[in-house]
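In the two complexes that follow, chain A is the common piece, with chain B as its partner first and chain C second.
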Partner chain A sequence: MFDTPKREAAVTKTDIKMSARNCQVFYGDNQAIKDVDVDIDDKTVTAFIGPSGCGKSTFLRCLNRMNDTIPICRVEGTITLDGEDIYDPKVDPVQLRAKVGMVFQKPNPFPKSIYDNIAYGPRIHGLARSRAELDDIVEKSLRRGALWDEVKDRLHEPGTGLSGGQQQRLCIARAVATEPEVLLMDEPCSALDPIATAQVEELIDELKQNFSVVIVTHSMQQAARVSQKTAFFHLGNLVEYGETGQIFTNPRDPRTESYITGRIG
Partner chain B sequence: MTDIARNGSSAPAPARRNRSLLEVDDRTRRRNAAEARFKLMGSIAVIIGLLALVGLLTSILLNGMSSFRQTYVSLEVYLDPAKLDKDGSGNLEKIAKVTTFGYKPLIQKAMVATVAANGVDDQGLKAKKIADMISPEAPATIRDYVLANPDKIGETVRFDLLAGGRIDGYYKGRVTMETAALDRNVSPEQLRIADALRDAGVLDTRFNWAFFTAPDASDTRPEAAGLGVAILGSAYMMLVVLVLALPLGVAASIYLEEFAPQNWFTDLIEVNISNLAAVPSIVFGILGLAVFINYAGLPQSAPIVGGLVLTLMTLPTIIIATRAALKAVPPSIREAALGVGASKMQTVFHHVLPLAMPGILTGAIIGLAQALGETAPLLLIGMVAFVREYPAAPPEGLFDPASALPVQIYNWTTRGDPAFVERASGAIIVLLVFLLIMNILAIILRRRFERRW
Partner chain C sequence: MTEKHHHIASAFDRDLEEVQAEIMKMGGLVENAILAAADSLEARDEEMAEKVRENDRAIDELEELINDEAARIIALRAPTAIDLRLVLSVLKISANLERIGDYAKNMAKRTGILVQMAPIEGATVSLKRMARDVQLMLKDALDAYIQRDAALAMDVIHRDRDVDQLYNALFREFLTFMMEDPRNITPCMHLHFIAKNTERMGDHVTAVAEQVVYLVTGEVPDEDRKKRDVTSTDASLSED
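Moving on, here comes the complex of A and B:
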């Protein structure tokens, strides 16, 4: 509430939305992320690529403090959103997550109706003043999730009854419905067919008009298509970070080159 | 049992190739034999279990079904004002002074008259012996009626009175002419009169509602003993357990499972809860006696104390079941809720708890069923006392003395008259029916809220 003016000031000052400095993540004694420095620009799509197990999801989850739910997980270093340290003891992770939404690797709709899946976030954040407004939000979100035409006649059937790809789009729509400032997407298209993938990519493109989007993907083509910035992770290290075009055409690090040409991974 | 252990020691595997699929090799044959042996042992175990169950149920049903029927004699009793209301004032206090003893002659007269009126041979029995065919409970029945309707004094009223326990037993096969000849409580002549009265339609055996509503009765009148007070007492205790154990247990589990930090202290609590679930119930009875009765000064034999003790006993069961149900909710649901910015509390109450509900309810019902059948702790807190007064309606009634179903069963099995064996078996059937209903309820609830993720 009270920090709104300050936040707006911060936004106008810089177009760096989030930044991590010296970020280390440990699962117990295992270090999953080592010394990662990264700046995520506002109104930009940033892709995280890297071989399986290199810590992409782990780092992504640091950005909205989802790692707080894992007791053995420890995060060091600083991560800021609009210049404010999100790991500051004064920060309520619940408020943070309302601003930094997330789509998970595995589709996880609530075992409720499609409508309630979407409406849940807006309801708890008080985004709709009336039933009609809520209906609007639901429709808009489902359209953005490229799901509206498929489900408009069965909004009150359970979301778990949808196919895997539809569930994932439902989760995307659910994340969009709360109007986050940053949207974190962990392999959102791994369960989608090419048509739905294209729709989601379109959505990402549209979202970047207003938000910044961070997307983890195993598809080089996808990273190249949707992102402006790309970060390559390897064994917990951020090996290379830069303009997507530069990473894919002219990688500086030999590890990046061998990964995108298919030699490690 | 399986062949995994043999793997290491066996010689290098023979070539798999060039073998027909149509012939079974040694290894497969051994595996199949092991499987067949295991299936056989499993079926034998199941059959033994089923046989034991069938044996138990048939013996209880054979012994107990007859308690649901009771023999009554229909008598026209003249409520003689000369006996009941000597000065004719209609003063209730005076009428109340007449004890049940004063009603006996009325019954005797009515019985003799009925025998004569139906043209039944009195077998040369004295009037007192004929009157003895009626239960000693009968005067109390009439007295209660008169006290409730004093204006009926002077009229002739038709009563359905309990036949004596032995007469009743005669129609249930417990008493025969031969045993009656050796029994000083009944004679073959009385049985013959009973048969004649039965032919005349005065005496009949019908469904025994009183078994469910009447209070316990003394040793000499098993025919009047019922489960009313015990059922009420058990119901009150279940009420206490439900009201206390369910919210407490669920709240404790939610806290432990979802909110409490994981450290040595919560580990310790967890271990102790598991241990509590294994503590013999009689220990809870001693605890209840020491804490609730001796220290807190709650009354003995009261459902509130029984309910508190059973609550303590049921809590670990409910907590363990609830925690298991909460654990079974996939973490992805919690992540989804947290991911859209729900607080911990919202996550738990909007998403996790509804999904865990069937498990929680099943656990709670199983805990309640356990508590319903528990006897030992109740004996220690005095619920075994002989109680004839119905407890009042809750909440005051919770402090009135009452009995409980399992204790009533225990109580009846310790009594001498064989008619009480029948009553005890009948009570067991009632208890089993209640347990069955609760288990069916648990199954229905589980089905209804079947996992939907």
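Moving on, here comes the complex of A and C:
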């Protein structure tokens, strides 16, 4: 009962899924992220772009507390998911990561069958009460990962036997199996060929119907193709954040312009 | 400004410079065509008029070249931001320049007919003045383009009003001539078309200047010019 008003408030401002205020990240004495304020919209693809070392991956990893695993890493400021502070001591990072899933640069399927790769998350979070339910989750997730038709006849073969592009879609299917609300992707296509990249991009476009997707990419064209919002990071600062069309036709900040047009400056 | 920095891929810089050089070359040819067409009209010089018509081919060829070059840049370089606006502006500017060139050619064509008839007093001097204004606007629009000067481009846009006023004055003048003597109708119809075409040239120069503003600021200026003079649309003026 106590929770009700809060939940209602979250429902009324539907648009913002995650929010960061004065976010600072340090690795020891090195400051990697400086005072980042950003609102991640729900059911939207948001792209983080910027040169290597600009902090975009570091910031992405803050959104599901992946940085907790790095002992010298310190995060300050507030980051909220549906208005609730994700760094609150009461929050269980494992539960958080079920809600905020992640897909990495290199496809990293578990050394298990295709089926078990998908079933792993739902099992540990107790999302299925019967074998039939688990089968349903596996099928639904593989369909969402646009992989079902290619693997439905060999669900019990090892996931590592798939091609690179299929493995990455398997990892995406695995990430969506726990019904996350936000999906973080750290350069999900950098190890894929153009066809597999196009398939993953098509998938990202479909995923945004149900999830909020945040993607870090080095390919500006990819950011332009898949995202609705783009954030440009430079030297740990969030330089510019706006509608993707605007960022790519008429960026406000000269640093953004230099970067996206491939200039030295 | 960002553009002052070089691309990491220096061939991209060269491509963009090349296509802009072609625009400037095309603009120069069009400026000459406007002046030469107006001069030949005033001097009743058929030979010069013929040259204007011949030279239009070079303008058309440059437009094609610029279109091909722009398409190639889009396909190979996937330009963004200032680079994208540059390529888009190049396409639009070349199309507008080509139209201005066509109007100059048309003026030269009508000169060939007008020299066969008795001159209409004072008309060609006014038309030359109008053509001169348009040519100066084009010169400034191209200068604004190469210097990335949005203020100068806005100035060009505002100056189009003067050209419109000159056209409206000429419209009335030709109407009077035609009412005075029906033998004036044929030459005055040709002169009126020249005046109207010159006024249209001014509109195309304005479109070029708008592209300069878009290139520099990323936004197209508001089209908020009211027609101040209703001469050409007011039917009562033709009644008498």
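Throughout what follows, the second predicted complex is superposed on the first by the 252 of 265 C-alpha atoms of A that agree within 3 Å, B and C clash if a C-alpha of one lies under 4 Å from a C-alpha of the other, contacts with A are read in each partner's own complex, and residues count from 1 in each chain.
Throughout what follows, a contact is a pair of C-beta atoms (placed from the backbone, for glycine too) under 8 Å apart; a residue touches a chain by one contact, two chains touch by 3 or more.
Quick caveat: nothing in here was measured; it's all calculated off a predicted structure.
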Superposition on chain A - do chain B and chain C clash or fit: fit
Chain B versus chain C as contact partner of A:66, first or second or both or neither: first
If touched residues of chain A are counted for chain B and for chain C, the larger one: B
First, second, both or neither for A:188, with chain B first and chain C second: neither
Partner chain in contact with A:124 - chain B first, chain C second, else both or neither: first
Partner chain in contact with A:178 - chain B first, chain C second, else both or neither: first
Contacts of A:220 with chain B and chain C, given as first, second, both or neither: second
Gap in Å between nearest CA atoms once chain C and chain B share a frame through chain A: 31
Intersection of chain A interface sets (partners chain B, chain C): none
Partner chain A, residues of chain B touching it in the complex: 262, 330-344, 346, 350-351, 355, 452-453
Contacting residues of chain A [partner chain B, same complex]: 64, 66, 69, 71, 94-95, 97-98, 101-104, 106, 108-111, 120-121, 124-125, 158, 160, 171, 174-175, 177-178
Touching residues on chain C, where the partner in the complex is chain A: 1-2, 4-9, 12, 78-85, 218-219
Partner chain C, residues of chain A touching it in the complex: 220-221, 224, 248-251, 254, 256-258, 260-265
